[in-house]
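Note that the chains are named A, B, C and D in the order they appear, and that numbering of residues resets to 1 at the start of each chain.
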Amino acid sequence: MEHLGATLTRIYPGCVHIELPRRPEVTQQHGYFHAGATSAIADSAGGYAAFTLFPPDSSVLTVEYKINLLAPAEGDYLEAIGTVLKSGRTLTVCQLEVVAVEGDRRTSIATGQQTLIQIVSRPER
Amino acid sequence: MEHLGATLTRIYPGCVHIELPRRPEVTQQHGYFHAGATSAIADSAGGYAAFTLFPPDSSVLTVEYKINLLAPAEGDYLEAIGTVLKSGRTLTVCQLEVVAVEGDRRTSIATGQQTLIQIVSRPER
Amino acid sequence: MEHLGATLTRIYPGCVHIELPRRPEVTQQHGYFHAGATSAIADSAGGYAAFTLFPPDSSVLTVEYKINLLAPAEGDYLEAIGTVLKSGRTLTVCQLEVVAVEGDRRTSIATGQQTLIQIVSRPER
Amino acid sequence: MEHLGATLTRIYPGCVHIELPRRPEVTQQHGYFHAGATSAIADSAGGYAAFTLFPPDSSVLTVEYKINLLAPAEGDYLEAIGTVLKSGRTLTVCQLEVVAVEGDRRTSIATGQQTLIQIVSRPER
(Lines give C-alpha, C1' and ligand atoms only; values in the text may rest on other atoms or scores of the structure.)
Protein backbone atom coordinates (compact mmCIF):
# COMPACT_ATOMS: atom_id res chain seq x y z
CA MET A 1 0.00 0.00 0.00
CA GLU A 2 2.74 2.45 0.92
CA HIS A 3 4.70 1.40 -2.12
CA LEU A 4 1.69 2.23 -4.29
CA GLY A 5 1.11 5.52 -2.49
CA ALA A 6 -2.39 4.58 -1.32
CA THR A 7 -3.97 5.77 1.93
CA LEU A 8 -6.90 4.66 4.07
CA THR A 9 -9.34 7.54 4.01
CA ARG A 10 -12.39 6.17 5.84
CA ILE A 11 -12.67 3.37 8.37
CA TYR A 12 -16.13 2.30 9.55
CA PRO A 13 -17.08 -1.00 11.15
CA GLY A 14 -17.32 -3.30 8.13
CA CYS A 15 -16.42 -0.67 5.53
CA VAL A 16 -13.10 0.84 4.51
CA HIS A 17 -12.18 3.35 1.79
CA ILE A 18 -8.72 3.56 0.21
CA GLU A 19 -7.55 6.30 -2.13
CA LEU A 20 -4.79 6.04 -4.69
CA PRO A 21 -3.71 9.28 -6.37
CA ARG A 22 -2.44 9.26 -9.96
CA ARG A 23 1.31 8.87 -10.02
CA PRO A 24 3.67 7.71 -12.78
CA GLU A 25 4.40 4.48 -10.88
CA VAL A 26 0.79 3.27 -11.00
CA THR A 27 -0.19 4.46 -14.47
CA GLN A 28 0.48 3.27 -18.01
CA GLN A 29 1.80 5.20 -20.96
CA HIS A 30 -1.75 6.45 -21.73
CA GLY A 31 -2.30 7.78 -18.21
CA TYR A 32 -4.67 4.99 -17.12
CA PHE A 33 -4.13 3.35 -13.77
CA HIS A 34 -2.75 -0.19 -14.06
CA ALA A 35 -5.25 -3.00 -13.57
CA GLY A 36 -2.81 -4.36 -10.99
CA ALA A 37 -3.11 -1.20 -8.92
CA THR A 38 -6.90 -1.25 -9.19
CA SER A 39 -7.04 -4.85 -7.98
CA ALA A 40 -4.49 -4.27 -5.22
CA ILE A 41 -6.43 -1.44 -3.56
CA ALA A 42 -9.74 -3.32 -3.98
CA ASP A 43 -8.25 -6.38 -2.28
CA SER A 44 -6.77 -4.23 0.50
CA ALA A 45 -10.02 -2.33 1.10
CA GLY A 46 -11.86 -5.63 1.57
CA GLY A 47 -9.14 -6.95 3.84
CA TYR A 48 -9.24 -3.92 6.11
CA ALA A 49 -13.06 -3.91 6.10
CA ALA A 50 -13.09 -7.54 7.29
CA PHE A 51 -10.45 -6.73 9.89
CA THR A 52 -12.58 -3.99 11.50
CA LEU A 53 -15.01 -6.70 12.66
CA PHE A 54 -12.37 -9.13 13.97
CA PRO A 55 -11.39 -9.58 17.62
CA PRO A 56 -8.01 -8.26 18.82
CA ASP A 57 -5.05 -10.61 18.34
CA SER A 58 -6.42 -11.86 15.04
CA SER A 59 -5.32 -11.19 11.52
CA VAL A 60 -6.87 -11.58 8.06
CA LEU A 61 -5.86 -13.35 4.85
CA THR A 62 -7.50 -13.12 1.44
CA VAL A 63 -8.71 -16.58 0.41
CA GLU A 64 -9.80 -15.50 -3.06
CA TYR A 65 -11.40 -12.68 -4.95
CA LYS A 66 -13.03 -12.08 -8.29
CA ILE A 67 -13.02 -8.71 -9.97
CA ASN A 68 -14.70 -7.34 -13.10
CA LEU A 69 -12.95 -4.44 -14.78
CA LEU A 70 -15.78 -2.23 -16.04
CA ALA A 71 -14.17 0.84 -17.58
CA PRO A 72 -10.76 2.44 -18.15
CA ALA A 73 -9.20 3.53 -14.85
CA GLU A 74 -8.80 7.17 -15.67
CA GLY A 75 -8.94 10.08 -13.21
CA ASP A 76 -7.24 12.17 -10.53
CA TYR A 77 -7.43 9.31 -8.08
CA LEU A 78 -9.03 5.92 -7.52
CA GLU A 79 -11.21 5.17 -4.52
CA ALA A 80 -11.61 1.54 -3.47
CA ILE A 81 -14.49 0.66 -1.13
CA GLY A 82 -14.56 -2.66 0.72
CA THR A 83 -17.81 -3.60 2.44
CA VAL A 84 -18.48 -6.69 4.54
CA LEU A 85 -21.50 -8.61 3.25
CA LYS A 86 -21.26 -11.50 5.70
CA SER A 87 -19.04 -11.84 8.72
CA GLY A 88 -18.78 -15.45 9.93
CA ARG A 89 -16.68 -17.02 12.65
CA THR A 90 -14.09 -18.27 10.18
CA LEU A 91 -14.89 -16.68 6.83
CA THR A 92 -15.90 -13.18 5.79
CA VAL A 93 -17.33 -12.18 2.41
CA CYS A 94 -16.81 -8.63 1.11
CA GLN A 95 -18.08 -6.59 -1.79
CA LEU A 96 -15.42 -4.56 -3.57
CA GLU A 97 -15.89 -1.45 -5.66
CA VAL A 98 -13.39 0.87 -7.28
CA VAL A 99 -14.40 4.32 -8.48
CA ALA A 100 -12.29 6.68 -10.60
CA VAL A 101 -12.68 10.31 -9.57
CA GLU A 102 -11.94 13.14 -11.98
CA GLY A 103 -13.01 16.50 -10.59
CA ASP A 104 -16.73 16.07 -9.75
CA ARG A 105 -17.18 12.96 -11.88
CA ARG A 106 -17.21 9.51 -10.29
CA THR A 107 -17.10 6.44 -12.56
CA SER A 108 -17.35 2.89 -11.29
CA ILE A 109 -14.40 1.10 -12.90
CA ALA A 110 -14.32 -2.24 -11.09
CA THR A 111 -16.58 -4.42 -8.98
CA GLY A 112 -15.60 -7.54 -7.10
CA GLN A 113 -16.37 -10.12 -4.48
CA GLN A 114 -13.88 -11.47 -1.96
CA THR A 115 -13.60 -14.26 0.63
CA LEU A 116 -11.30 -13.80 3.63
CA ILE A 117 -10.27 -15.98 6.54
CA GLN A 118 -9.70 -14.87 10.11
CA ILE A 119 -6.40 -16.07 11.56
CA VAL A 120 -6.33 -16.21 15.33
CA SER A 121 -2.81 -15.47 16.52
CA ARG A 122 -1.67 -17.53 19.45
CA PRO A 123 0.11 -15.47 22.09
CA GLU A 124 3.88 -15.79 21.90
CA ARG A 125 5.61 -16.62 25.16
CA MET B 1 5.18 -4.70 -15.33
CA GLU B 2 8.34 -2.63 -15.63
CA HIS B 3 7.45 -0.78 -12.48
CA LEU B 4 7.18 -4.10 -10.65
CA GLY B 5 10.43 -5.35 -12.17
CA ALA B 6 8.79 -8.32 -13.91
CA THR B 7 9.95 -9.82 -17.21
CA LEU B 8 8.42 -12.12 -19.81
CA THR B 9 10.56 -15.24 -19.79
CA ARG B 10 8.71 -17.62 -22.14
CA ILE B 11 6.27 -16.90 -24.94
CA TYR B 12 4.53 -19.80 -26.67
CA PRO B 13 1.32 -19.65 -28.69
CA GLY B 14 -1.35 -19.59 -25.96
CA CYS B 15 1.06 -19.69 -23.02
CA VAL B 16 3.23 -17.01 -21.44
CA HIS B 17 5.52 -17.07 -18.38
CA ILE B 18 6.41 -13.97 -16.36
CA GLU B 19 9.02 -13.83 -13.62
CA LEU B 20 9.15 -11.36 -10.76
CA PRO B 21 12.33 -11.37 -8.63
CA ARG B 22 12.14 -10.51 -4.94
CA ARG B 23 12.71 -6.82 -4.40
CA PRO B 24 11.83 -4.52 -1.49
CA GLU B 25 9.18 -2.74 -3.60
CA VAL B 26 7.10 -5.91 -4.06
CA THR B 27 7.51 -7.53 -0.64
CA GLN B 28 6.08 -6.89 2.80
CA GLN B 29 7.90 -6.45 6.09
CA HIS B 30 8.06 -10.26 6.50
CA GLY B 31 9.67 -10.82 3.09
CA TYR B 32 6.55 -12.22 1.41
CA PHE B 33 5.55 -10.92 -1.99
CA HIS B 34 2.47 -8.69 -1.87
CA ALA B 35 -0.80 -10.27 -2.96
CA GLY B 36 -1.15 -7.31 -5.31
CA ALA B 37 2.09 -8.23 -7.08
CA THR B 38 1.03 -11.88 -7.31
CA SER B 39 -2.30 -10.93 -8.89
CA ALA B 40 -0.73 -8.37 -11.21
CA ILE B 41 1.70 -10.82 -12.81
CA ALA B 42 -1.00 -13.52 -13.03
CA ASP B 43 -3.34 -11.11 -14.80
CA SER B 44 -0.53 -9.99 -17.15
CA ALA B 45 0.53 -13.56 -17.98
CA GLY B 46 -3.03 -14.39 -19.00
CA GLY B 47 -3.33 -11.20 -21.01
CA TYR B 48 -0.15 -11.88 -22.97
CA ALA B 49 -1.10 -15.54 -23.47
CA ALA B 50 -4.43 -14.48 -25.00
CA PHE B 51 -2.66 -11.90 -27.13
CA THR B 52 -0.35 -14.52 -28.72
CA LEU B 53 -3.43 -15.99 -30.46
CA PHE B 54 -4.92 -12.70 -31.65
CA PRO B 55 -4.64 -11.28 -35.15
CA PRO B 56 -2.38 -8.28 -35.79
CA ASP B 57 -3.94 -4.86 -35.17
CA SER B 58 -5.89 -6.17 -32.22
CA SER B 59 -5.42 -5.64 -28.52
CA VAL B 60 -6.62 -7.36 -25.37
CA LEU B 61 -8.49 -6.25 -22.24
CA THR B 62 -9.12 -8.21 -19.06
CA VAL B 63 -12.88 -8.54 -18.56
CA GLU B 64 -12.58 -10.23 -15.16
CA TYR B 65 -10.54 -12.70 -13.22
CA LYS B 66 -10.81 -14.76 -10.08
CA ILE B 67 -7.79 -15.82 -8.07
CA ASN B 68 -7.31 -18.11 -5.08
CA LEU B 69 -4.30 -17.38 -2.91
CA LEU B 70 -3.07 -20.81 -1.81
CA ALA B 71 0.09 -20.25 0.22
CA PRO B 72 2.42 -17.46 1.39
CA ALA B 73 4.29 -15.94 -1.57
CA GLU B 74 7.79 -16.61 -0.33
CA GLY B 75 10.86 -17.31 -2.49
CA ASP B 76 13.63 -15.96 -4.70
CA TYR B 77 11.16 -15.12 -7.42
CA LEU B 78 7.57 -15.68 -8.53
CA GLU B 79 6.70 -17.27 -11.85
CA ALA B 80 3.26 -16.58 -13.30
CA ILE B 81 1.96 -18.85 -16.06
CA GLY B 82 -0.98 -17.85 -18.22
CA THR B 83 -2.49 -20.54 -20.44
CA VAL B 84 -5.34 -20.13 -22.91
CA LEU B 85 -8.13 -22.65 -22.22
CA LYS B 86 -10.51 -21.39 -24.87
CA SER B 87 -9.89 -18.88 -27.61
CA GLY B 88 -13.11 -17.56 -29.13
CA ARG B 89 -13.74 -14.86 -31.67
CA THR B 90 -14.60 -12.27 -29.04
CA LEU B 91 -13.72 -13.80 -25.69
CA THR B 92 -10.75 -15.80 -24.44
CA VAL B 93 -10.59 -17.79 -21.19
CA CYS B 94 -7.23 -18.36 -19.49
CA GLN B 95 -6.00 -20.41 -16.60
CA LEU B 96 -3.59 -18.58 -14.30
CA GLU B 97 -1.00 -20.07 -12.00
CA VAL B 98 1.65 -18.48 -9.83
CA VAL B 99 4.55 -20.49 -8.44
CA ALA B 100 7.08 -19.32 -5.83
CA VAL B 101 10.59 -20.56 -6.55
CA GLU B 102 13.19 -20.87 -3.78
CA GLY B 103 16.32 -22.66 -4.95
CA ASP B 104 15.03 -26.00 -6.31
CA ARG B 105 11.67 -25.82 -4.59
CA ARG B 106 8.58 -24.76 -6.50
CA THR B 107 5.38 -24.04 -4.54
CA SER B 108 2.06 -23.20 -6.20
CA ILE B 109 0.89 -20.06 -4.40
CA ALA B 110 -2.06 -18.91 -6.50
CA THR B 111 -4.44 -20.27 -9.09
CA GLY B 112 -6.94 -18.33 -11.12
CA GLN B 113 -9.26 -18.08 -14.08
CA GLN B 114 -9.61 -15.10 -16.36
CA THR B 115 -11.86 -13.82 -19.14
CA LEU B 116 -10.46 -11.46 -21.76
CA ILE B 117 -11.90 -9.61 -24.72
CA GLN B 118 -10.25 -8.98 -28.06
CA ILE B 119 -10.39 -5.37 -29.18
CA VAL B 120 -10.06 -4.90 -32.90
CA SER B 121 -8.35 -1.61 -33.58
CA ARG B 122 -9.75 0.24 -36.52
CA PRO B 123 -7.08 1.72 -38.74
CA GLU B 124 -6.54 5.42 -38.13
CA ARG B 125 -6.59 7.57 -41.19
CA MET C 1 -36.72 -22.83 -14.78
CA GLU C 2 -40.03 -24.56 -15.38
CA HIS C 3 -38.48 -27.85 -14.43
CA LEU C 4 -37.37 -26.33 -11.11
CA GLY C 5 -40.79 -24.75 -10.56
CA ALA C 6 -39.40 -21.20 -10.50
CA THR C 7 -41.31 -18.12 -11.67
CA LEU C 8 -40.37 -14.56 -12.63
CA THR C 9 -42.11 -12.34 -10.09
CA ARG C 10 -40.77 -8.85 -10.89
CA ILE C 11 -39.33 -7.45 -14.11
CA TYR C 12 -37.87 -3.94 -14.11
CA PRO C 13 -35.40 -2.49 -16.60
CA GLY C 14 -32.10 -3.95 -15.41
CA CYS C 15 -33.54 -5.90 -12.48
CA VAL C 16 -35.43 -9.19 -12.32
CA HIS C 17 -36.72 -11.25 -9.38
CA ILE C 18 -37.29 -15.01 -9.53
CA GLU C 19 -39.02 -17.06 -6.85
CA LEU C 20 -38.57 -20.75 -6.20
CA PRO C 21 -40.97 -22.37 -3.72
CA ARG C 22 -39.83 -25.27 -1.57
CA ARG C 23 -40.59 -28.57 -3.26
CA PRO C 24 -39.15 -32.06 -2.77
CA GLU C 25 -37.41 -31.90 -6.17
CA VAL C 26 -35.23 -28.94 -5.19
CA THR C 27 -34.49 -29.79 -1.56
CA GLN C 28 -32.21 -32.25 0.22
CA GLN C 29 -33.03 -34.78 2.89
CA HIS C 30 -32.71 -32.05 5.58
CA GLY C 31 -35.16 -29.70 3.84
CA TYR C 32 -32.52 -27.26 2.57
CA PHE C 33 -32.67 -26.12 -1.01
CA HIS C 34 -29.92 -27.63 -3.18
CA ALA C 35 -26.97 -25.37 -3.95
CA GLY C 36 -27.60 -26.22 -7.60
CA ALA C 37 -31.10 -24.74 -7.41
CA THR C 38 -29.79 -21.62 -5.66
CA SER C 39 -27.16 -21.08 -8.35
CA ALA C 40 -29.58 -21.83 -11.19
CA ILE C 41 -32.11 -19.17 -10.18
CA ALA C 42 -29.33 -16.64 -9.46
CA ASP C 43 -27.85 -17.22 -12.92
CA SER C 44 -31.30 -16.95 -14.52
CA ALA C 45 -32.20 -13.76 -12.65
CA GLY C 46 -29.01 -12.11 -13.91
CA GLY C 47 -29.62 -13.35 -17.43
CA TYR C 48 -33.15 -11.95 -17.56
CA ALA C 49 -32.01 -8.67 -15.97
CA ALA C 50 -29.38 -8.23 -18.69
CA PHE C 51 -31.94 -9.14 -21.34
CA THR C 52 -34.34 -6.35 -20.26
CA LEU C 53 -31.77 -3.82 -21.52
CA PHE C 54 -31.02 -5.53 -24.82
CA PRO C 55 -32.43 -4.55 -28.20
CA PRO C 56 -35.08 -6.75 -29.86
CA ASP C 57 -33.75 -9.67 -31.93
CA SER C 58 -30.90 -10.22 -29.51
CA SER C 59 -30.33 -12.93 -26.96
CA VAL C 60 -28.13 -13.39 -23.93
CA LEU C 61 -25.56 -15.97 -22.84
CA THR C 62 -23.85 -16.30 -19.47
CA VAL C 63 -20.08 -15.97 -19.97
CA GLU C 64 -19.23 -16.74 -16.36
CA TYR C 65 -20.39 -16.20 -12.82
CA LYS C 66 -19.02 -16.47 -9.32
CA ILE C 67 -21.22 -17.16 -6.33
CA ASN C 68 -20.59 -17.24 -2.58
CA LEU C 69 -22.91 -19.44 -0.57
CA LEU C 70 -23.43 -17.54 2.70
CA ALA C 71 -25.91 -19.55 4.74
CA PRO C 72 -28.07 -22.68 4.57
CA ALA C 73 -30.84 -22.29 1.98
CA GLU C 74 -33.77 -22.87 4.30
CA GLY C 75 -37.22 -21.31 3.99
CA ASP C 76 -40.63 -21.29 2.35
CA TYR C 77 -39.15 -20.05 -0.87
CA LEU C 78 -36.00 -18.58 -2.37
CA GLU C 79 -35.95 -15.21 -4.09
CA ALA C 80 -33.15 -14.50 -6.58
CA ILE C 81 -32.49 -10.90 -7.59
CA GLY C 82 -30.41 -10.08 -10.65
CA THR C 83 -29.34 -6.44 -11.07
CA VAL C 84 -27.37 -4.97 -13.96
CA LEU C 85 -24.26 -3.13 -12.70
CA LYS C 86 -22.87 -2.25 -16.12
CA SER C 87 -24.49 -2.62 -19.50
CA GLY C 88 -22.00 -2.43 -22.35
CA ARG C 89 -22.39 -2.92 -26.06
CA THR C 90 -21.08 -6.48 -25.95
CA LEU C 91 -20.80 -7.42 -22.27
CA THR C 92 -23.07 -6.89 -19.28
CA VAL C 93 -22.10 -7.34 -15.62
CA CYS C 94 -24.76 -8.26 -13.06
CA GLN C 95 -24.91 -8.54 -9.31
CA LEU C 96 -26.73 -11.62 -8.05
CA GLU C 97 -28.38 -12.11 -4.69
CA VAL C 98 -30.46 -14.97 -3.31
CA VAL C 99 -32.62 -14.52 -0.22
CA ALA C 100 -34.39 -17.29 1.70
CA VAL C 101 -37.82 -16.24 2.94
CA GLU C 102 -39.47 -17.96 5.90
CA GLY C 103 -42.62 -16.14 6.99
CA ASP C 104 -41.46 -12.57 7.70
CA ARG C 105 -37.78 -13.41 7.90
CA ARG C 106 -35.47 -12.77 4.97
CA THR C 107 -31.93 -14.20 5.05
CA SER C 108 -29.34 -13.51 2.38
CA ILE C 109 -28.02 -16.95 1.45
CA ALA C 110 -25.92 -16.27 -1.65
CA THR C 111 -24.26 -13.38 -3.41
CA GLY C 112 -22.64 -13.42 -6.81
CA GLN C 113 -21.31 -11.56 -9.79
CA GLN C 114 -21.92 -12.48 -13.41
CA THR C 115 -20.69 -11.55 -16.89
CA LEU C 116 -23.03 -11.96 -19.87
CA ILE C 117 -22.68 -11.47 -23.60
CA GLN C 118 -25.27 -10.10 -25.97
CA ILE C 119 -25.84 -12.25 -29.04
CA VAL C 120 -27.27 -10.39 -31.98
CA SER C 121 -29.44 -12.75 -33.98
CA ARG C 122 -29.14 -12.30 -37.69
CA PRO C 123 -32.50 -12.40 -39.41
CA GLU C 124 -33.22 -15.75 -41.07
CA ARG C 125 -34.38 -15.55 -44.66
CA MET D 1 -27.92 -35.34 -7.82
CA GLU D 2 -30.51 -38.10 -7.86
CA HIS D 3 -33.14 -35.62 -8.89
CA LEU D 4 -30.99 -34.62 -11.87
CA GLY D 5 -30.26 -38.25 -12.75
CA ALA D 6 -26.49 -37.88 -12.28
CA THR D 7 -24.17 -40.61 -11.04
CA LEU D 8 -20.65 -40.76 -9.63
CA THR D 9 -18.64 -42.76 -12.14
CA ARG D 10 -15.05 -42.47 -10.82
CA ILE D 11 -13.79 -41.79 -7.31
CA TYR D 12 -10.06 -41.34 -6.77
CA PRO D 13 -8.36 -39.61 -3.85
CA GLY D 14 -8.75 -35.95 -4.73
CA CYS D 15 -10.62 -36.51 -8.01
CA VAL D 16 -14.24 -37.40 -8.75
CA HIS D 17 -16.15 -37.80 -12.02
CA ILE D 18 -19.91 -37.36 -12.32
CA GLU D 19 -21.96 -38.21 -15.40
CA LEU D 20 -25.30 -36.72 -16.35
CA PRO D 21 -27.14 -38.36 -19.26
CA ARG D 22 -29.36 -36.27 -21.54
CA ARG D 23 -32.92 -36.30 -20.29
CA PRO D 24 -35.84 -33.94 -20.93
CA GLU D 25 -35.68 -32.65 -17.35
CA VAL D 26 -32.15 -31.26 -17.73
CA THR D 27 -32.31 -29.96 -21.28
CA GLN D 28 -33.85 -26.95 -22.98
CA GLN D 29 -36.15 -26.78 -25.95
CA HIS D 30 -33.12 -26.95 -28.30
CA GLY D 31 -31.69 -30.10 -26.69
CA TYR D 32 -28.87 -28.33 -24.86
CA PHE D 33 -28.25 -29.14 -21.23
CA HIS D 34 -29.30 -26.33 -18.87
CA ALA D 35 -26.50 -24.16 -17.50
CA GLY D 36 -27.96 -24.91 -14.08
CA ALA D 37 -27.40 -28.64 -14.57
CA THR D 38 -23.84 -28.03 -15.81
CA SER D 39 -23.01 -25.94 -12.76
CA ALA D 40 -24.71 -28.33 -10.35
CA ILE D 41 -22.67 -31.36 -11.42
CA ALA D 42 -19.44 -29.30 -11.51
CA ASP D 43 -20.07 -28.08 -7.95
CA SER D 44 -20.91 -31.62 -6.80
CA ALA D 45 -17.82 -33.15 -8.45
CA GLY D 46 -15.61 -30.66 -6.61
CA GLY D 47 -17.41 -31.26 -3.34
CA TYR D 48 -16.98 -35.03 -3.55
CA ALA D 49 -13.33 -34.66 -4.65
CA ALA D 50 -12.59 -32.53 -1.55
CA PHE D 51 -14.48 -35.01 0.62
CA THR D 52 -12.26 -37.93 -0.48
CA LEU D 53 -9.34 -36.26 1.34
CA PHE D 54 -11.24 -35.43 4.54
CA PRO D 55 -11.11 -37.38 7.80
CA PRO D 56 -14.10 -39.49 8.86
CA ASP D 57 -16.83 -37.65 10.79
CA SER D 58 -16.32 -34.53 8.72
CA SER D 59 -18.43 -33.00 6.00
CA VAL D 60 -17.91 -30.44 3.26
CA LEU D 61 -19.60 -27.19 2.26
CA THR D 62 -19.05 -25.12 -0.86
CA VAL D 63 -17.85 -21.66 0.15
CA GLU D 64 -17.90 -20.27 -3.39
CA TYR D 65 -17.20 -21.16 -6.97
CA LYS D 66 -16.64 -19.44 -10.27
CA ILE D 67 -17.50 -21.06 -13.57
CA ASN D 68 -16.93 -20.06 -17.19
CA LEU D 69 -19.36 -21.49 -19.71
CA LEU D 70 -17.24 -22.17 -22.81
CA ALA D 71 -19.52 -23.82 -25.35
CA PRO D 72 -23.10 -25.07 -25.79
CA ALA D 73 -23.73 -28.10 -23.56
CA GLU D 74 -24.74 -30.51 -26.29
CA GLY D 75 -24.15 -34.27 -26.27
CA ASP D 76 -25.22 -37.72 -25.11
CA TYR D 77 -24.07 -36.96 -21.61
CA LEU D 78 -22.06 -34.47 -19.57
CA GLU D 79 -19.05 -35.50 -17.52
CA ALA D 80 -18.00 -33.24 -14.63
CA ILE D 81 -14.51 -33.68 -13.19
CA GLY D 82 -13.59 -32.20 -9.81
CA THR D 83 -9.89 -32.18 -8.90
CA VAL D 84 -8.35 -30.98 -5.64
CA LEU D 85 -5.64 -28.36 -6.29
CA LYS D 86 -4.88 -27.60 -2.65
CA SER D 87 -6.11 -29.40 0.43
CA GLY D 88 -5.63 -27.35 3.58
CA ARG D 89 -6.71 -27.96 7.15
CA THR D 90 -9.76 -25.75 6.85
CA LEU D 91 -10.11 -24.87 3.17
CA THR D 92 -9.81 -26.89 -0.02
CA VAL D 93 -9.50 -25.48 -3.55
CA CYS D 94 -10.73 -27.52 -6.52
CA GLN D 95 -10.56 -27.20 -10.26
CA LEU D 96 -13.80 -27.99 -12.07
CA GLU D 97 -14.25 -29.11 -15.64
CA VAL D 98 -17.33 -30.20 -17.56
CA VAL D 99 -17.05 -32.09 -20.83
CA ALA D 100 -19.89 -32.85 -23.24
CA VAL D 101 -19.59 -36.30 -24.80
CA GLU D 102 -21.26 -37.12 -28.14
CA GLY D 103 -20.17 -40.51 -29.44
CA ASP D 104 -16.36 -40.30 -29.61
CA ARG D 105 -16.22 -36.54 -29.41
CA ARG D 106 -15.40 -34.77 -26.15
CA THR D 107 -15.86 -30.99 -25.91
CA SER D 108 -14.90 -28.95 -22.87
CA ILE D 109 -17.99 -26.86 -22.13
CA ALA D 110 -17.23 -25.34 -18.73
CA THR D 111 -14.26 -24.69 -16.48
CA GLY D 112 -14.33 -23.47 -12.92
CA GLN D 113 -12.60 -22.99 -9.62
CA GLN D 114 -14.11 -23.69 -6.22
CA THR D 115 -13.36 -23.11 -2.53
CA LEU D 116 -14.74 -25.55 0.06
CA ILE D 117 -14.67 -25.71 3.84
CA GLN D 118 -14.31 -28.81 5.96
CA ILE D 119 -16.91 -29.08 8.72
CA VAL D 120 -15.87 -31.28 11.61
CA SER D 121 -18.95 -32.94 13.05
CA ARG D 122 -18.93 -33.23 16.80
CA PRO D 123 -20.11 -36.64 17.99
CA GLU D 124 -23.72 -36.64 19.16
CA ARG D 125 -24.32 -38.22 22.55
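As a working rule, a residue touches a chain if its C-beta (ideal position, glycine included) is under 8 Å from a C-beta of that chain, and two chains touch if they have at least 3 such contacts.
By chain, UniProt protein names: A, B, C, D = PaaI family thioesterase.
Since the structure is predicted, the reported quantities are computational estimates derived from the model, not experimental observations.
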item: Centroid-based (C-alpha) most distant chain relative to chain C (PaaI family thioesterase); value: B
item: A-B against A-C, pair bridged by the larger set of C-beta contacts; value: A-B
item: Euclidean distance of C-alpha centroids - chain A (PaaI family thioesterase) vs chain B (PaaI family thioesterase), Å; value: 20
item: Interchain centroid distance [CA atoms averaged], chain B (PaaI family thioesterase)/chain C (PaaI family thioesterase), Å; value: 31
item: Intercentroid distance (Cα basis), chain C (PaaI family thioesterase) paired with chain A (PaaI family thioesterase), Å; value: 27
item: Chain D (PaaI family thioesterase) residues counted as touching two or more neighbouring chains; value: 63-64, 66, 68, 93, 113, 115
item: Residue numbers on chain B (PaaI family thioesterase) that touch chain A (PaaI family thioesterase), as the complex places them; value: 3-4, 25-26, 34-37, 39-40, 43-44, 61-69
item: Touching residues on chain A (PaaI family thioesterase), where the partner in the complex is chain C (PaaI family thioesterase); value: 66, 68, 70-71, 85-86, 93, 95, 108, 111-113, 115
item: Chain B (PaaI family thioesterase)-facing residues of chain C (PaaI family thioesterase), complex; value: 63-64, 66, 90-91, 93, 113, 115, 117
